[in-house]
């Protein structure tokens, strides 16, 4: 299937120079190595290209073994801590899971004391519509304000210095099952946020909120007629299967698109040159595929849109008529690669279905889509038509399907990967889960789950439930990989010191050699890690690594929700694979910050 | 000295022998004695009486259903009650009436016809009866406490499964199956051994009466078919009580597997019921046509073929489940094949009547009724074997009509004939022939009035097992007709009961052989002595009773001071050795109680299997406590 | 012999007529069910001024019938209870197989929880689900904890194995 | 009317005085075929009926003949003393019985051939062009119906009533949501069992417009008797109109009463189980009510769809159909009429 040729000689990274005057614009691979970034962490994915790569290089493969705990901070909450702390202007901002507190910690003082705390007005009932723990994936900093989402479908802007609420906008209704857990990004003065609730039969949307006023500038639904999806004359999907009018309505049985899911609950990347941002939509609702015949556009779809108007430029549906809950929401890492001697602006999208999509981010053409993890639900992606060739023996339905891999959380769920231009590798924290399922008639009651599938997950081949691996987009091969007992549900960060950091659900924070995956250092924290590690340069000039510990999320719900492990179908079937988690970790909510002595 | 046998050999010590026999075979006194009985006449009669009571109960249930269906949108029964009643009706008729009744008749008649003193395993025989009674009582405990099964007598999962039939209703049904199948297997075993090893000398395989042949075939069928239903009901029971997944498709089980296993039993079950009835017909025909049944080898061979083919056509109960066409064609052909073997037997009987001198007794009336009804049922059976026709009439009143035609026509009419035929043997008095003919005509007319219209109902689209129907479908007047017929049948039943009770008191005394019939049971007195014969009669021809008295032979030399019988060889029935049968014992009853405790308890708590087993161990300990040697290898004398 | 066996049968049949709650099927709910639950459904063990004597007890009218528990099981999925509580193990909502109840585990407490909702995500179903159905759900929820007669409790649904009681012996997910 | 139909009349006149009841209603009749499938089966049926009927009569005549004096003992030999028949008589009987047995074999062979070839004929329909696929899901105790199409925007769900165009082969794709059900519309075709976790298909075609009644034929619990389905065969033109109308969401209520009715519907447990497209109600447990007003019956066609019946059904579902799964919802008397009006307005 290797009809293309990749060479890693020219890998370009794009950040967003005009937003942060203090940022140096890297224009070439060489420059990145030479020109250090500012050592801050202003958005969850580090930069708009979502590389999670820091040029800080104090911590290296040689000295990482002597990394020591610098200080800690308790978030005061015990649910899954999925957020990335932000570091801007010597202040660290930590967002907690529900009740979505925002802490500002003063890094200039020893022990980083609390500067202020913002406690939003939030509806506690919203906890009942959060499918997979009441997590929050972080905030974004822009022009002196912290923007983040509240579980009860509100977006807030908080003054970064004082902790005062500047505006708070209600964007949806928990009584329709909507919630918000994603980390927003800000592009061209527009805060881009999306809803969660693919398991509640919401109608997915992504909204552009004016950063200044909090007014909704546009809202792009993922289902329904083209005008709702903000598909206009400039919409040019690359593949025929995605072309046509009102597909968001016509690819559904009558009126089912209104409760068809396809929420945008995860990552957004932005390319300022093309002026396009990229995000994926979630699974269609309900999971039971028999209740929604058709390709169910635009669920499990990658969208490219303009930040100012929300207008769609192209779309590519990775999993038409998704039958395995393969959300398309995973991160899109924007890379500039030279392929077949041609410089191409691409995005790398490790999808839940196990394929690593390398897509031309200007046109939406799939350049390659090799499998990066074990998958038997699909065969391959046809690059001519863009279609995913499925394995019919693993198609879910009213019959029982066993040993379908990957399981609904996919080969990789939301847990973001990182990319090091130094090695040219993507660092993929991912899962190794298979499952058995049987569809049952799902009943729609607004504000309650709309799933219709009995699921039980278990470890995939090898018996380990998680894998940390490095993927070389040049050769489309895994370079190295490390097995983990539990799914690697934390994000990763890679530094110019060639160290990759990630955490495990049994509570180890680990550093690996980015080149060969050799374990270099590990530290046992209080609770399992599912957060996104970050690295920053402190006011003292030292490089710090920070991560939130506190197990939870979909995978950790068995501990954070106190679930009973005897019922394997708990947490949408994840409990079956995780019922022993409680033996290894307990609930927690603690920030750990490390530095060299 | 009371002589009971019609002819006695001229041997010394006759008086002593007879008084010995009287003493040795005497039943114990009081309740204890009653519970300890192991003689085949007593056990057989208990089966017959219990099964007859079940027939009446099942009949009452049928009447309740007919009342409910007599008019559209009737509210006489609510659906819950109706479902319980039709399930109990089917279950009762199949498991608690038909099979046990045939078994009871066999237990009563086979040793007599084979010219021996008792069945091969008298205690097992008693045990089998108590188990059967346990099943009866358990099911009707359910009926009276609202736990009657309500998922149809074949209990298809998932409807019968834990999710859709809450409570203990299915469990009661499934465990009742275990009880009755246990009992059926006990009976089948002892009948087979009795027939094969305890025939009187001279009764070679080709001299066995056709009735005994039918029982031999039926018993083998029981042995092969019943384990299947025990498996099916155990699957169901363990799915329900201990959470297994035999028939849960989602966990790799298969509801169709249950159907296959069930019908692998269920279809032979029909033949298990009516093959003995064909035996009745043969016996009645030969006695009343006053010649032996025409085409003895053809009769025997077609019965055996029936027995085999019966196992190869269960799938015609499942044509609508969506089978591959080639499989359907195979089962169509095999299902129709049974018509050949059945046809041959019908032809033979007609030929017998044709070439004989029919004496129109009531039992022969019932045989003619049988031929009319059964042949019609056979015709509809051929229709049901055809896949396209079956798709239309399957699970409709057409099928109801069909199987009542073959089961009532094929089994109950011969059975009534058999009652009239053997009643004098069992009680010593003849039943009233006059009332008998009335009885026949009322039953015959009532039957056809009830069930013939059901063919039409089926063609008009009435599915079975509906508790009511709206007026606009136009089933009302036909249903009313059927209900009327059902009450006429009930009148017929009452007439029969009246005849039984009156004749027991006032019927004319029968004598040993009122019909001048041909088989050996007529050599014994009416009713037979507990030991059947003073001296076992020897069969010198296929029709030993038509051998002139002076030419008859007897077995002498068997010891009479213990329950000694003669074991003969399988093929030629040559004397092989003496065997002492066990006498009365309370242990079969006690063991049956312990097993019952285990079975019933396990429905509520699986641990009862353990405690029941331990108790049963003690029961068996008592049962098998060593006695003196039972076997004496010694040729018994045969004396002409 | 005939009569004796007949009379034995009759006496036996008489013995059977022992009542059996489990099989009761009240297909039609009674039109009204009045009850004051507020007092009985206390969620705290502290009773200022000492305990009230005698304690008012609210019993579930649909307590021990297999049919009602099974109806409760059906409604548990019809009303999407299993969406949040899975098959008792919990997911979005807390597990229902447990010793400790956040808001009390008495029938009246569970009834209250369903009707009124609870602040941290439990929806208030009152005003829509008829009362008799709530009681049936209560009976089913309690049956998950073995608080109903096991003989009346369905052992598992006919889907993939989701019943905690039969899952208990499975491996805890470490290897498979 | 076909010759079979005439024969049916003949049969019922001959057999029953109550001919009217038998012949007046034939909307659920095996012997009133309106399509190729049921036509072939009915043809086979009459072939079997006449052939087997003749054989039956023959056997009866033979059996009764034995009762007539001249045939006692064929050759009038004395039997009483010896119970023996002469060799000659015996061999004559042997010849007759052998002949009859051979005839049985031959006839059965003919029947098997007829049956199997009809079976093959029934399997022809799927090979025709321009087919329509309808997914029917049996549920305790109603039918969920989804019209399928490769263009999913033409897919919609309704309940308990199938409309089909005449002259067009229709594939019924059968599923079950709980226990085994059996789909049976006798005027069109035989049964197909719908078994959980399996898909069973059946091909039907109606050549004559009309309303054909069918009902579940496999016992499925308390309300097995009231699991009725209507197949309404229409001209292709009418069918297209109906189809297009069904695709539309429910109309918004225009007058205050129906508006109030919609509110009542939304405020009660109704929304937990029923869907009305175009509103927020999207429950899937019960039948889709989007175009409820246009349907023939209520409660899986247990009773005709009249306002009175609807009121009774909502007020006390357990009296119309005891044991059914519809919740008894306390709708106060002032709200009942608006609710009925609203539901009946969903044409």
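For clarity, chains are labelled A, B, C and D in written order, and residue numbers in each chain start from 1.
To be clear about the criterion, contacts are C-beta pairs under 8 Å (C-beta built on N, C-alpha and C of every residue); 3 or more make two chains touch, one makes a residue touch a chain.
Keep in mind that this is a model prediction, so the values were computed, not measured.
Across all inter-chain contacts, the pair with the most C-beta pairs is B-D.
Remark: chain C and chain D have CA centroids separated by 39 Å (rounded to whole angstrom). Computed from the mean C-alpha positions, the centre of chain A lies at a distance of 53 Å from the centre of chain D. Taking each chain's centre as the mean of its C-alpha atoms, chain A lies 72 Å from chain B. Centre-to-centre separation of chain B and chain C, using mean CA positions: 45 Å.
Residue positions 78, 80, 158, 163-164, 249-251 of chain B are each in touch with at least two other chains.
Of all residues in chain D, those that touch two or more other chains are 178, 196-198, 222, 271-273, 285, 322-323. Counting partners per residue, chain C has 25, 27, 78-79, 158-161 as the residues that reach two or more other chains.
If the chains shown are joined wherever they touch, the resulting network links each chain directly to all the rest. Every residue of chain A that touches chain D in the complex is listed here, in rising order: 201, 249-255, 258-259, 290-296, 398-400, 438, 441-446. Residue ranges of chain A in contact with chain B, taken from their complex: 399-400, 438, 454.
Remark: chain B residues 78-80, 83, 151-152, 156, 158-159, 163-164, 249-250, 255-256, 290-292, 294-295, 298, 320-322, 325, 328-329, 332-333, 336-337, 339-340, 343-344, 346-348, 350-351, 353-358, 360, 368, 371-372, 375-376, 379, 382-383, 385-396, 452-453, 456, 458-461, 463-470, 472-474, 476-478, 481, 518, 543, 546 touch chain D in the complex. Across the complex, chain A meets chain C through its residues 124-132, 199, 400, 436-438, 440, 443, 445, 447-451, 454, 456, 458-459, 463, 557, 561-572, 575-580.
Residues 249-252 of chain B are the ones that touch chain A when the two sit in their complex.
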